[in-house]
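First chain written, first letter: the chains are A, B and C, and each begins at residue 1.
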């Protein structure tokens, strides 16, 4: 345990050093481009006190959760479909792969024309972003189920549905988990992209935009920190949720795909 | 005097048993062994008919280079409470035969009957133990053993699971996970799982094949002990290990490959537990090994 | 023959169906022309762009930015990745810092780049470089780290100098992972270029799409989408082929 604590401590040295150095340097010589960290902290506190931050948070979260839910649901359903049906796999999967290679942001002008500059475009984009990782990983999860386990199901006379519930799903779960975590993080990235590229209007990236337009670097810094922290928090929360009870079994040789798509 | 005649008379002289030539017109069983065999086993009053009846089973696989006749006109009867081994080198169709009995292979010619009823699909009346234990890694050992008991109440299930864990000697490992168990222990759990549903017949597909040699010897004894604790249980075991077959079986069915056919059926009436050192045992072993040499003129494919 | 039809034609049938639907929807004007243009017209637009040279100009700008930004970002990624992968010490001291920065969604860096470098080329290149840095870094670190100790020992046994060990054992061993990282990165780089151009540019495919949109020229927008997609697919295919060629001893490329 001591060794591990030591590693963590060593790792934190550099970041803390950087922050300290930055504070020290800017206390003597402030410039527009390099405000002190204190200023960013103040800015965030202000935003919180004026309830603006909460508003931004609510808006961004609404878009994120909506897009994520739709994308994950669709992705999981399609992933299960191509994972269980060879026919569906044949027809759909190569197209999924091809579609995935079209950069998501390329769709933005089209989405704006179709759905306007409002939330619909953003939610659609986020849904598209979170669809692929979970689709591909769910597919991989179902495809790797060892035939032997399915035979165990047969030998005990399980019905088709029972086999899926008691064998296929648990066997594919580690992959589904990886897919969902990837979807979560990529979805967050695309939320930020969607807000920046469609003139945010009320989301967290307004902090960044304001900072950029008014040349207030401390806001830009603050925005980056807030977005990074939130992304980290979501990932942490999701990981914790996935490790509840029987969800956390581990198979000997899992190598789930790490591609975000 | 050729080898076959010599071994025949040797065996008959020593009173160990008889070799049944499957080309006999009546490929059914010889009379029941004498009372010197299996003293500890309770043999029920003569059953009305065979437990398992296989008639003219023929199975063809479409291989990469044409057809492979895995089984050709294989017929066999298994009596209730018997321990039968299917012995042969790879490719002789023994696993295919077992899978047909298990109901995992459905596309074949011929007839397979359990207690007079057609075998159409897998079911809990036939317990199966695979070579790779196939314990589900996300379940604990007790959940694995109770896998086929989902329809029972919790109380009933727990009772049955506990008793079977005790039977295979894994009483303290109920809450462990398969990844925490050694090969031998995992296989014992698999056996417990198969027996928990109280099957009519236990099918073992090279159950000890994945274990190291020392564990295998130990597990053979365990297997016999467990079988004895389940009076009346019929067992069909696939193996390529001659010693194992002789140690455990009442009858050994020798299969030859390409096409898969029964070459010989050997009755083993030696007293249990059998000793691998003594003359009886080794006598039978000689017979079997000679059989293999007849089957494979050039190379010897068995492992002792 | 039947098998061929199954494997090759099946996916195409879906694409064909989509194309057909598109054509029919436009043909019967189920959507106003401001929302949907028939595929033939879009194709015509692309051809026109090609003939007028505009396509080459815009594409040239975009690809140039990709190449430069990618070069910087991927280069830095490989360099740092190799360093962190080979020295556990470096990894312990510097790794967490990089991890912290990795948490920031990549697009959040764009405004900062604009503030620092202005709205011109430099900020775009900086953004692209940042975007493609991490996949390369992570995969390279992993690749170098996982060069099996036993292979290293082979190098020692054969008396190879550290430099030779690096070239003849570490590089081929880590290559598959590095190539995966490079492939993931080029996709991100392309996405970063298009975004940067969508935000504020006077040239490039992204700019062309925004320009068309503001002028309500649907054909331009759709043409842009197709072009962007085509480049994405082509680069992925290219990198995939390069991977198979360079590291044929590895099985499937995901």
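Heads up, the rule we're going with is that contacts are C-beta pairs under 8 Å (C-beta built on N, C-alpha and C of every residue); 3 or more make two chains touch, one makes a residue touch a chain.
Computed from a predicted structure; not experimentally measured.
Chemist: Which chain maximises the distance between its CA centroid and that of subunit B?
Modeler: That would be chain C.
Chemist: Centre of all protein Cα atoms: which chain's centre is nearest to it?
Modeler: Smallest centre-to-centre distance to the global C-alpha mean: chain A.
Chemist: Using the touch rule stated at the top, which two chains are linked by the largest number of C-beta contacts?
Modeler: Contact tally peaks for the chain pair A-C.
Chemist: Calculate how many whole Å lie between the centre of subunit A and the centre of subunit C, each centre taken as the average of the chain's C-alpha atoms.
Modeler: Inter-chain centre distance comes to 19 Å.
Chemist: Please work out the Cα centroid separation of subunit B and subunit C, and write it as a whole number of Å.
Modeler: The mean C-alpha positions of subunit B and subunit C differ by 58 Å.
Chemist: Between subunit A and subunit B, what is the gap in Å from one C-alpha centre to the other?
Modeler: 53
Chemist: List the residues on subunit A that touch subunit B in their complex, please.
Modeler: It is residues 148-149, 151-152, 154-157, 167, 170-171, 173, 246, 249-252 of subunit A that touch subunit B.
Chemist: Residues of subunit C touching subunit A in their complex?
Modeler: 6-7, 10-11, 13-15, 34-35, 92-97, 100-101, 103-112, 114-116, 184, 187, 190-191, 194-195, 198-199, 206, 209-210, 212-213, 218, 221-222, 224-225, 228-229, 232-233, 236, 254
Chemist: Spell out the residues on subunit B that touch subunit A in their complex, using ranges where they run on.
Modeler: 102-104, 121-124, 126-128, 130, 132, 134, 136-139, 147-148, 177, 179, 197
Chemist: Within their complex, state which residues of subunit A touch subunit C.
Modeler: 7-8, 10-15, 18, 33, 90-95, 98, 101-110, 112-114, 188-189, 191-193, 196-197, 205, 208-209, 211-212, 215, 217, 220-221, 223-224, 227-229, 231-232, 257, 259-260
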